[in-house]
Amino acid sequence: MNHDPATPEKAAAGRLRRQRPADTGEWATSLTRIAPNEVEIRGYPVDELMGRLMFSEGIYLLLRGELPTPSIGKLFTAVLLSSLDHGVTPPSTLAARHVASSGSSLNSAVAAGVLAFGAYHGGDIEAVMRCLQEGIAMHHAGMSYEDAARTLLEKHCGAAAPPPGFGHRIHTRDPRAARLMQLAHELELDGEHCRLLRVVERVINSMPERAGHPLPLNIDGAIAAVCGDLGFGPEIGNGLFIISRVPGLLAHAVEEKLTQTPMRKIDRDAAYYNGPARRRLPETRK
Amino acid sequence: MNHDPATPEKAAAGRLRRQRPADTGEWATSLTRIAPNEVEIRGYPVDELMGRLMFSEGIYLLLRGELPTPSIGKLFTAVLLSSLDHGVTPPSTLAARHVASSGSSLNSAVAAGVLAFGAYHGGDIEAVMRCLQEGIAMHHAGMSYEDAARTLLEKHCGAAAPPPGFGHRIHTRDPRAARLMQLAHELELDGEHCRLLRVVERVINSMPERAGHPLPLNIDGAIAAVCGDLGFGPEIGNGLFIISRVPGLLAHAVEEKLTQTPMRKIDRDAAYYNGPARRRLPETRK
Amino acid sequence: MNHDPATPEKAAAGRLRRQRPADTGEWATSLTRIAPNEVEIRGYPVDELMGRLMFSEGIYLLLRGELPTPSIGKLFTAVLLSSLDHGVTPPSTLAARHVASSGSSLNSAVAAGVLAFGAYHGGDIEAVMRCLQEGIAMHHAGMSYEDAARTLLEKHCGAAAPPPGFGHRIHTRDPRAARLMQLAHELELDGEHCRLLRVVERVINSMPERAGHPLPLNIDGAIAAVCGDLGFGPEIGNGLFIISRVPGLLAHAVEEKLTQTPMRKIDRDAAYYNGPARRRLPETRK
Amino acid sequence: MNHDPATPEKAAAGRLRRQRPADTGEWATSLTRIAPNEVEIRGYPVDELMGRLMFSEGIYLLLRGELPTPSIGKLFTAVLLSSLDHGVTPPSTLAARHVASSGSSLNSAVAAGVLAFGAYHGGDIEAVMRCLQEGIAMHHAGMSYEDAARTLLEKHCGAAAPPPGFGHRIHTRDPRAARLMQLAHELELDGEHCRLLRVVERVINSMPERAGHPLPLNIDGAIAAVCGDLGFGPEIGNGLFIISRVPGLLAHAVEEKLTQTPMRKIDRDAAYYNGPARRRLPETRK
């Protein structure tokens, strides 16, 4: 009576159960080797990486097993920067602030925020990755991108809900999504995932019911396409969002603890921004 | 009947209660400004940061309010790289793997790992920061670094437990700590915190009872001194460890889900490393 | 491009989106009414419940909206007692102990344990509830329980994995499951869910490949059937397991903090029981 | 350089480090014995407890090692019922609802709620227990309860903050606290902790600055005194609040998932109660 054959864990588990003998207890990990006075990540001594790699390159190495090329490193860095923080309104930020407001520890507040990255909050990255894979398979089977896009939309979308990767509570044009797709193009790292997503966007917005109120590509969709073309699998998609967002959760938890009364009412609509006014990067940074 | 006047939250709260009128509900945040089609972090449009900043520079900007100089950016990057992962033995990794093994979601596994960053696991960063601040104050009051170090050790340490920032379950010389202190020196960013920590290390290891088994500076201690000199406050110390470690927790959770049988016995001593053998960075990276 | 139409939240959300106007912000809750000096749970003043209800009856009232009858209260109490604790081997217990061992707070340790109640650890309750509902629908459509059971098994089970609700890592006969089914029968509260589950058990164990090694009903399966007959929906199934298990997680976290060295290696196979020897309830309790 | 000698874990760890030999890996637990087809809690087969104990009695047994007397069982049940739920305004409830609203799993939502039981939210139970112990020690050393109360208040309280165990965001008279203290008295289970707390309450409210606006005993204070007299130690105080509150967190998470739009704005002041009107327990329950 398998209730959820779709769950990737269940599926993976099924495979593994058949592959493996009775659990011997001995098991392998390919991430990090620890020995007295030695810490090697994917074979590289961590002290040798320090001062030579970007943090994002170290993350890529840990997740993928090899160092990124400079252009891949640059694009992956942009992926992580894109979701660094989204202000006080997301449920993840509010969960973290409510926990911080109760006098719990910083790590408890960050953990509560991470728990809010559910099917509706970052979860679209995995969803879009799986859909794009499905569409690319159709394309390889001879279908045009346009027909693949239409097939995906018919198959997966009710008229009601917007497809994952499109639409936003606040933005009609997500500046992060546009910038990330543009960077992928400039760096010549946009492949089939990006191409198909572009077509899906065009198909959606050419629908009569969308006339006048276009449905924008959002940052989840852009991350999914770009990271799909970088070779990341759907099973890690939401994980990239977690890594990107943790510094923001931390910053909100610290701000809550240092500047607010404990146990206060946290009304997201009563918040105002009192930080620096809009500014440009110094020329040296461009 | 205030049970724990030492708690920073309680103290902060006390101050705030006296400062503030009855909670009006309106409140300020200085991190991120969100408006339709606009996301500004500390005043910089996030889409302008993408492709121009390192992830670590974005994190620094979010936490500190201003962009780091190139050398500060380089040192802060090394801080984040230093704790990227420490293999399968830490309780945080094992908590994340046990949750992943039960079929829970990736973010649940990462959250469980983050919850293990307690007083004994990353918590020393804040502890060392507070001690160094105390010692630096003594120095400013006219005491020599050496006397300040001795005073701190007498005041805070039983003979039994090693002082926070020193000693490690596995390493007799923590390669990450040595490298981080060296980088701070090379970049001319080592200040009073680093200097005092060096003296504390010398004093500890000149104690008769240490003869033959020196007590090494560990990565928590090095991060505390380096970040103290970078101007980070103790209240955020453990937060830097959380940011640094989350990618490792994620990588372990993904590896557990994709390669292991659910609900298995996870024996940390039965794990072997089957990743790439020790290797050097390509010359172009040095 | 809806990736996971099976997700109950997605489905519910779809329905709600169509039903509701744009979010006005005003919203209803039917659980607890709070007013100055008044706390009413489902309409009953909580101070009036204190001293008059069992804790389990209060939980039932909160979850279901009405007080249980005495016999329902007795059976529901047995459901909650059944999973109070399962020793040191489950991943939930080990996650809680690893977090407690790192010096984190009690609530962090309990939260980490709760996060381990995933698809493979308590998750079968919901799975079995959904399967039994499906089978009962077949029965109402004219199928015999036996044929419904066979259909469910053919439809949902690979030969590889045991069906949810059956089999256990440790027990060949789960004493809790047997007792719970017996109590439901004695209290005349066993209905279609229990009946169908009994038939499923018989069908499974009459399979030739099971000859010699019967597959026992486990406590997840028994809770699912009994609570299904009590009228609980699948969406809350795992929640009953959480409520039942939290006291055990707490007891392990406290024991870890008070009796063990922080940051120790926690080897589940190196644990021995040093509590009271097997004993019987006093006659007055029977 | 011990930063936080007050931390109970650090202190306990210090003691343990001195007591114990090098970690052999073998370790003891006195909670639950598991063997094939046997689950014994504190020596009692769990299947024998099912149908014979109240859930609260099982929890008491697990935490304390012995069965409660009938009157202790009745009082402990009232303790657990007292905090079953406190509506939509506490940060724990809002953290759980924000996580549920993001499409995360039930156990993630409950875990996030549990993480909000910090120093200001349930944390007072431990605080009050420690203060009462301190005052009782003064009394045993010959001081009157009145003088002990005054000494505690002078030692621990700024004029600013109300002492832990007194005052409430919403209630001027906490109906749960009054009822719990009354029950302890009726059952003749109120001892030194309850007596001292009563005196502290009288002393506080006889202060000139309190004239006109008395500071009521809250439920945290009442639980602390009652459970102190039942022999619970401060280290488990907050744990009792966690056990009591988890069913409420679960009920809110389920209600959020089943009745609300995902990712909605959750404004605690826009919630209205639409459950049953105020009602009395049936006579048979009194």
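Chains: A, B, C and D, in written order; residue numbering restarts at 1 for each.
We adopt the following convention: a contact is a pair of C-beta atoms (placed from the backbone, for glycine too) under 8 Å apart; a residue touches a chain by one contact, two chains touch by 3 or more.
The shown structure was predicted, so the numbers you read here are calculated from the model rather than taken from an experiment.
The fewest steps needed to get from chain A to chain D, moving only between touching chains, is 1. Look at where the CA atoms of chain C average out and do the same for chain D: the two points lie 24 Å apart. Put simply, the C-alpha centre of chain A and that of chain C have 32 angstrom between them. Centre-to-centre, using mean CA coordinates, chain B is 39 Å away from chain C. Of all residues in chain C, those that touch two or more other chains are 7, 9-10, 13, 17, 89, 103-105, 107-108, 111-112, 115, 117-120, 262, 265-267.
Arrangement of the chains shown, judged by which pairs touch: all-to-all, with no pair of chains left without contact. Those residues of chain B lying in contact with chain A across their complex are 7-10, 12-13, 16-17, 20, 23-56, 58-59, 62-63, 65, 67, 74, 77-78, 80-82, 84-89, 103, 105-108, 110-112, 114-115, 117-118, 170-176, 178-180, 183, 235-236, 238-239, 242-243, 246-248, 250-255, 257-262, 264-267, 270-282, 285-286.
Only residues 1-7, 9-10, 13-14, 17-18, 104-105, 107-108, 111, 115, 118-120, 124, 126-128, 130-131, 152-153, 156-158, 160-161, 163-165, 200 of chain D touch chain B when the two sit together in their complex. Chain B makes touch with chain C in their complex at residues 89, 91-92, 94-95, 98-99, 101-105, 108-109, 111-112, 115-121, 123, 169, 262-263, 265-269.
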